[in-house]
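Each of the two complexes below includes chain A, the first together with chain B, the second together with chain C.
Let's look at the complex of A and B:
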């Protein structure tokens, strides 16, 4: 009896802790993700039932995207296509409401989207209808009335550009209620009188992940028109990959030298390295900044570069390898039995040969852990790139891009886009952790020593 | 021989060719405006003079960045200066006076209120690039539904309050105004009474006029004409307005971009802030930003040319037509854009006129070198009274004591 009670108590503790972890760590991510899908991410109280999670809308968005632009995923509208949308309204007096429909000329209010002139759907797409297709008596709550169903046909005749989105507004008199639509509207405005669609040909991804799509579509370079968000992501990948590579090479070489070789001043060097780990970056950044500003004491002028600010060369040179990485590798190499190397030494291998052909292949767990930590560190690095990279916007890394997102869109309360950007920036690190997690589980001591 | 000479001249020409002028401002929405402006207007004008503009928008804390860059000697040739901290920057001598580069006529083409805001000890330190004032923006649907006439420019505090109270009583789920405890909004009402932030000795005195505005403003919630913004889950009056939680908002033209995304179909109108029933005047703030010249710049002549191009009539027209900001030239008052029958044009027109005589007692949003420290006691007093934690007497007494310490009175 006592045993069973203890078991239950233990289980309760375990599940309670898991639940607490779930709520504190996974909860915010899940809520953030859900909010990033919503048209109004600040909706309060938070509801779990909104248009973007309803399968009915997924099907409709897929169909409309396919009909409008032949692209069920990303939607859009091309010449010669037509789409049909149905809406149903409840009218309390049983009197048929007047329904005003129009394709509005809508422009983003913030960010680069506010400056770019994109083709307006209103100039190209013709709207036919609304045509009444059904009228039947119905009850809404305790009110008696009629439900009217209308069909709207959007037709894109002749020649013209590919339209990324076709907005639509439907206005009814006060008191008439929208009770159904093939695709739920993005928002209801003017106290329910206006149902407004940001895009009636969204495609599945365009509907569910519209904020994500906007992140790519709306932030474009004014010079070239290319997507800045994509560019920032690629920049971050490039920098992270480069830094992983240099860190792995230099940290293992330096770590090996410190762990195994004998040379004068080795201990002093090691102590100095430890010391450099303890100085916060905020202390040295001004001197580092000035060194980069002058192109490393004017050295860069030999290559015709006036300053290393606003260049990747500057950013990479100032962070080729961290002392922490060298320290990690040194500790790991010290755990490898010397006998392995001595055998190679007897066979006539050089120190470099030993490092690259014997020690490093045995060090995959440490290298894996180092790679993933470096990648994550570089990917998320914010302060130093913020100082070094100011212009043009094309050279930003993703965290800087997200900051400019926050400045541009946060000011107008457009948090969906910012959440979406933040979420996208998190994915690579998550993927990396999923792929490399076994190196963490195995730990640095395994792998090298097999008894 | 001739060919060599030609080649040499070409090489020399190329070497001398381009003067680079670096300009900076904050990032965010301004990046789009300035990049567009440079690409479509400014650079074209400057190409003939072989000046190349390099634009570096700053994301993050711009003020801090600018002060650091000016001390490190890496600051650009031209940069934004916000009226809020302009005086403390001009006092450092790091900004070059512009009197040598701009003739009297050129300066007079800008709105005098704005020019005055960037004049320090008789010298001009910045050309206002654009500005904003406050206006009263109202939701036509809500007033129609409550069957209350729209606010208009003859409204006094009392008549406006009456309208707001009626909307709030009749619609139940809507506030008249959502009230914020912020001098950036309340101050306009205090100015209407004739009260000034600083007297001749540089002291702040919260006199009877101030008290009258304070009592009216903080009492709006109690009298059923407004709700406290925090109680509605919003931080600014525009947020309440966009979500149709409040019938009016007191904001500047920046609200247009917000509403374009948040509520594209909202039917709104704009009018001036209400008049003080006693003085029959209104008050307003000017929020403005200038382009200023770095005193350590190596090519001031070229930078001054860029400055002129950035604030030229063509440049301002471009900005105005995109509805991105309100430019600072006097002549734009007659601009056809303001007469367009759209809600955004009306908003921009009222905001533009808010800085002129129609705006009443208009003061720049700047408090000597004290900045935000000066506003803090007043904001705290506003919050304490609106939430019912302190009486008006107590709150004003404490605010006065804090301001006395700050301005060295007594």
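Let's look at the complex of A and C:
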């Protein structure tokens, strides 16, 4: 009895502690993610109940998106469609309030998004209403009054462009309070007198993840109009894939030579490699910048390229294989029993043949770990791409893009967009982490604590 | 014949090593030597370098910005390494037991280390805005001090009564008996809830409004923005070191603990006499990796100091000083000065490694 009690008590403390740590490590990310869904992530006090997490709004956003543009996910409005929105207002006076409704002419956002000309919904969509459909006595707090329900019809006659957004503003006299709407407004302004919808035909994703969509839609190239954020993501994928490829090949080659072959200066090379891993990148980047600038001692001119700055060739060539990767492969190869290779050696195989035909096929666990760690490293790398890739903005990788995001939107306080960009950039690494967490978790200790 | 075989092998090795030697030679060795040469010259990337001897190093010592950067780098490095090593050790000790589902928690905790510094910096910026979650959290904490105090009093009361009751019934419970503590905690929470519902206690109206980022104000000699970076980076690096320490803990032979249990050693004795001494090599490794990593702080300086952010003097570090002098906005590059500062940074890093070699254990890898 006493023993069982002690066991339970200890378990309770242990799991309580684990849970508390869990909240600590995941909490800020969870809060940040929730905030990235809000229209104003800096709202005080921070609330966990807001329009974007209410199922009622999900259903309404789905319906409105479907009715407006035939697209329940991303919404929009096309000619010939009409949507209906209902709102309910509480009025303490004995008489019906006057409602002013209009489809406003608003730019979609600040920063880069404000530069582009998009068709205004106000020029194409007609608004009918508000029409009163119901009036009943009601009580709000300790105030007696009436609740009026109104219907607004928005229809898009004739021909015209596909509209991404249809914004709406509703203004009421002082004292009148919005108590319900089929879709909650994006924000309330002027002490609640103006309820404003950024988009009344949002679609489910367009409503819940509106900041995420904005990251793609508003961050566009000034010249071509294509989505910069999408481009940066693709760039990062491309570069990471390339780096993984070169690292896998060249690190196993070098690692094999260091692990298995005898040649003069091997120990010195190994020590020098360790030394190179400790020197900060800030020491070597000046020369590396200059080397890339004149095309690796002018060699690139043989291929008609004047400079390797602002090119992926330069970025990849300067990081063909990292010393850390070579170290990891060397450690792994040393753990493979020698007998396997000796048998092949007797059969007259060359070292290259042994490496590529026998050793590498046996090394999939190490190669997998190296691939994943290299992908993560390249995806997250910031300093060296910042030095090499400066213009145009189309060649940025995601971390550089995030910096330009931060500088473009930070000043105007558009934190929804910034957070959304940050979380979007985490997705690939988080997916990899979910699939291969063993490699991540063992990665730092690989070789580090090897007896 | 034998000689031929060995030189053939060397030739193959050279072939296999070629790409690595290219990277190492051009982008590390050549670059490192060049940084040394640049540090003795006056160079602006355009005109040919001019030899100036030790002038750059003398200029560094007189440059207040450099001294600030040096101070920030050293302080940041020491504080973050201490914090993250201690916390990672605590976490590793907590996780190093045969509990069901402990791997799940370990994976969960690792999450902050996976994301990029860029994304983490954006989160940091949001958290530390004036109306951000950090200020709100502090306000909430201070505002609920009456609840906390009340809860503590109730807890002590219930626990004391409980212990006294058990003792009168002949069971000598310790004052902080963990089993009873859970019950007392639950009762105290219930008590606070009831008193709040009745309206006996109210939260205080507190609004913490610390401008964490756009300020030069200092706390304990370091500017607020740097403290924000310290907090955030400790948070994101703990998991990595926790994993290394866990691997180290797994390597300690179980027999030692069994022997200690037979001798009836207390947990504290086991920790200080067995676990820590045997973990020493790994601890040294963790400290070294921590110092090397923290000395290179750069990304966050750029993110936190962007448009409408922290003033440069509040966040500048050695790494940023180097970068800032090579690409100064609206001035000509001071490559010589930057190189000299970079070599100071490299020197600091190497000193850390040499210290580890001297006091820690020798042949272990860095990865």
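The rule is simple: the second predicted complex is superposed on the first by the 427 of 451 C-alpha atoms of A that agree within 3 Å, B and C clash if a C-alpha of one lies under 4 Å from a C-alpha of the other, contacts with A are read in each partner's own complex, and residues count from 1 in each chain.
Criterion: contacts are C-beta pairs under 8 Å (C-beta built on N, C-alpha and C of every residue); 3 or more make two chains touch, one makes a residue touch a chain.
Model, not experiment: these values are computed from the prediction.
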Side-by-side fit of chain B and chain C on chain A, or clash: clash
First (chain B), second (chain C), both or neither touched by A:411: both
Partner chain(s) touched by A:18 [first = chain B, second = chain C, both, neither]: second
Contacts of A:194 with chain B and chain C, given as first, second, both or neither: first
Partner chain in contact with A:303 - chain B first, chain C second, else both or neither: neither
Partner chain(s) touched by A:106 [first = chain B, second = chain C, both, neither]: first
Contacts of A:48 with chain B and chain C, given as first, second, both or neither: neither
Touching partner for A:286 - first (chain B), second (chain C), both, neither: both
Which of chain B and chain C A:31 touches, first, second, both or neither: second
Touch count on chain A, higher of chain B and chain C: C
Which superposed partner A:376 touches (first chain B, second chain C, both, neither): second
Superposition clash, chain B versus chain C, among 8-16, 62-70 or 260-268: 62-70
Chain A positions touched by chain B in one structure and by chain C in the second: 44, 286, 289-290, 386, 403, 407-408, 411
Chain A residues within the chain C interface of the complex: 5-6, 8-15, 17-18, 21-22, 25-26, 28-29, 31-32, 35, 41-46, 246, 249-251, 253-254, 256-258, 261-264, 266, 269, 272-274, 276-291, 296, 318-324, 326-328, 331, 350-352, 355, 376, 379-380, 382-383, 386-387, 398-399, 402-403, 405-408, 410-411, 415, 418-419, 421-423, 425-426, 429-430, 433, 437, 440-442, 444-451
Complex contact set, residues of chain C against chain A: 6, 9-10, 12-17, 19-20, 22-24, 26-32, 34-35, 38, 45, 91, 94-95, 97, 99, 102, 105-112, 114-119, 121-123, 125-127, 129, 131-133, 136, 140, 178-179, 182, 235, 239-240, 243-244, 246-248, 251, 282, 285, 289, 292, 295-296, 298-299, 302-303, 306-309, 318-319, 322-323, 326-327, 335, 338-339, 342-343, 345-346, 349-350, 353, 364-367
In the complex, chain A residues that touch chain B: 44, 104, 106-115, 169, 171, 174, 187, 189-191, 193-194, 196, 222-223, 286, 289-290, 293, 309, 386, 390-393, 400, 403-404, 407-408, 411-414
Touching residues on chain B, where the partner in the complex is chain A: 24, 26-29, 31-33, 35-36, 39, 54-60, 72, 74, 141-142, 145, 233, 239, 242, 244, 254, 256-267, 322, 324
